[in-house]
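Chain lettering (A, B, C and D) follows the sequence in which the chains are written, and residue indices restart at 1 in each chain.
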């Protein structure tokens, strides 16, 4: 049998961020504290991107630094805060300044919009959102959602416009160079984003061999057929967590929450942790091997 | 911590078939030669069920014996044949007799109808089926499918009525007594059926402990929250296959195809292999330990 | 008599609202503490579902996020959002959901999105997250938040998640399958909903709180029955178990007990 | 010159229609043999997708079912139907799909459902299966079946899967994203579609078959160009590799080579 060549879809973090042009619409993976594309957010800031629009269910520190740096000020989103730690400080300030534009959906609504994009149908039905201001208060979209009477049952049902973003960006624990991806733990809306975006970029904590993929096809959550680029970025979700690989850096997050209450504090954080470190390797050096080791997951628990 | 009691959802194959009343609508799992609910089909025949309606993408020998025995003569289905071996012999004969009623959909259409049922929305959109006789030729349903102009894009799109059947029946390789299910290999439409049916019954080749489930939550394809009953049935898909457990019994299938070309041949098969064996254990005895051992999968290959 | 804080009182009230065997959707913070407390006391077979995707977990540590890796420990399954908020929640398979609120009106409609005018808001709150999904489809809703008169408003600045909307029948007319809000737990009192009008009604006041105080700290006409009982005090068993669940005082606060 | 059977000829024609790097949807039988042959010859980077859920497999044995466990061996992923026919196929991510047909009309519309009247059919065929899905959304369609005049009909008994429907623009008007049928391979000839009318056109006749024979064995007006080439004969390399793929002659037949 003629050996097929294994396609190597790897690019660097810098190259990935370069592909994402000013004004791009991005479906943003990760959910809550779990596997957000933090390293990408920081690199987009270093590359001075502007006018991005992000679609996601809920994201937190990663979005807040993008808002602080004014790389992204438009969101179609369900949730934006740092959960147990409080409201997102940059978001709060930039909203008061009148700079941020939201189109508000529920989590399920956003996840279904990604599913509709993956199925390549123009809309998805949902029973939720109806009866609330999410239906009638709009900012970015003319057609945010529509209520129709179901042609089969006669009852009202909401139709949501599907999302097929220019880029889908998600973080995984393992992937091979061809783009077969294995996500462990909760999946959030990442499976749908990966299948529904025009260009899908997966950031992986670790590259594994194609052989391992073929021995465990039941663990492949995103086949390479859906993936355009693979970026190997260890600790790519720091200061948040990646199940089974490392835990969140709580003291760092608490420092962030306190310091970024003021614009001055945020500018200091921006310089210290993003602009003054040359790249992701520089960031890892700044965090330090000792701290990274402390954050590494105990394999018995996954955090 | 107070120990929660582990709920034991196990029932016997006989009890499972008893629950399925005459006239029940059943979402039928398995796909092609893979994990069809054969043992259930045989038990439904033994219990002389009548007027069942089956919803499925494609099934084969299992449906053909139900048609032969006239337990089920109504189908909302995409495919009905024995694939590489030819047309289904009982179906062919019963169709000529004018006894079988079909509502024809495509495979994706049926899978989306189950997905719509799982989401509890009344319909799902699809770009397929349009332009064909599947849209206008109907037998069982007044509302088989509807074309609307998409309210967002203006282009025509087909809406399919969701399916929430009285029973969803699927076969898996492993499950615990609570109903956490692990399916290995292809999933077909089983994940959607399990989530969208009013009562879900899972037939498992093997019962594993809840401990094993909790050590491998990434392999749980159907959480117990969706499962009402668990039935342990080794070789429950014989003479078809269960990935990683056993292969199909090709000589048996070939015998079936030849013998059931005539009503007499079918009646003989019905008596020999279904009615004259008391139950599933009796069937396994009839097949014989030697043959069952031959059919067992080589773990390296999965068949 | 045990000493207890108002936070502990809220967690115990939340726990008492969960019945054995129920499927509970709980976010981080006091709601999940309440649900976990129920599970280690009177409701051992309650199943807790986290919208991030972990279901029926046996986590040993408290989570800061509904997506926290801590919730993956000994989970029965680790799935996705379409599963939890779609197949389970919109599928009508969840008995009770906990929610917070920044504003609530007399029908239990809630706002978690904006304070002030939508076009130039004073504060951007977290938004719906899964809140609207839970409020729409869970069997019943338990609301938990600290008592502040500014939260109990006649008119919401923004309606994020449906309560009983404009009263009896209005949820059904829109095809919402969930039962809507059933209980409000604050640090001062408990409220339920009048079955005829679907309006908020005082159910019990916590020890040391007067009915008058509550009435003055609600900006709409609160239904007050003739006789308002006092909320039973938390037992030692419940308080002890509560602190075993949050030994570091992440949600209960430090050094208060 | 190699000896070969008409079945082998069909498989080789199918293989030649697959280009390197393409994503191919193939059912069991000759289509998958053709796709696999392409992969071991001129198209090593073609990726074969089976609708049951196995993608990019390296199966060592031939399958009898698109859901056959054999296809799980060294698959890159084992997924479900919503994935293969939804996310991949309807998502517009598949280049070429193979289909069979019991009847075909001059626009390449096909019937795999009923022979005879719908209300009292003579034969119930397998139905659409994934055929309608593939015909609707694959980049292009290759049809393979043995040549029989009764299959090339003026009017189908039942239209299961869309070809070019009623001609240019009719697929687009319905929102179908796939390119429709591009090639018909029989044991006698190859046909393609006239780009202006979207009607079937003779492309080449297999060695030993005359243009007249084909014309007589088609029940509609076949477009016949002035000069119809003869299909090149299969090479020894392709025939050898074909038999390595089906050593037991499951699809190629036994003892014929």
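We adopt the following convention: contacts are C-beta pairs under 8 Å (C-beta built on N, C-alpha and C of every residue); 3 or more make two chains touch, one makes a residue touch a chain.
Predicted model only: the values in this text are computed from it and were never measured.
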Chain pair with the higher count of C-beta pairs in contact (B-C, A-C): A-C
Furthest chain, CA centroid comparison against chain A: D
Chain A and chain C: spacing of chain centres that average the CA atoms, whole Å: 28
Chain centre separation (chain C, chain D; CA means) in Å: 58
Where chain A and chain D are represented by their mean Cα positions, the distance between them in whole Å: 41
Touching two or more other chains - residue numbers and ranges from chain C: 54, 72, 78-79, 82, 86, 90, 177
Shared interface positions of chain A, touching two or more other chains: 112, 119-121, 126-127, 155, 157, 184-185, 217-218
Contact pairs between chains, per stated definition: A-B, A-C, A-D, B-C, B-D
Touching residues on chain D, where the partner in the complex is chain B: 28-29, 50-54, 60, 64-73, 78-82, 85-86, 89-90, 113, 118, 120-133, 136-137, 158-162, 165, 170-171, 173-177, 250-251
Of chain B, residues touching chain A in the complex: 112, 116, 119-127, 143, 146, 148, 150-153, 155, 157, 159, 161, 184-185, 218-219
Interfacial residue positions of chain D with respect to chain A in the complex: 23, 39-41, 44-45, 47, 49, 54-56, 58, 72, 74-79, 82-83, 86-88, 90-93, 177
Chain D-touching residues of chain A, taken from the complex the two chains share: 1-5, 7, 118-121, 178, 180, 195-196, 210, 213-214, 217-218, 220, 223-226
Parts of chain B lying in touch with chain D, wherever the complex brings them together: 31-34, 57-58, 60, 77-81, 83-85, 87, 91-92, 95-96, 98, 100, 102, 104-109, 111-112, 115, 126-134, 137, 155-157, 184-192, 241-244, 247-248, 250, 297, 301-303
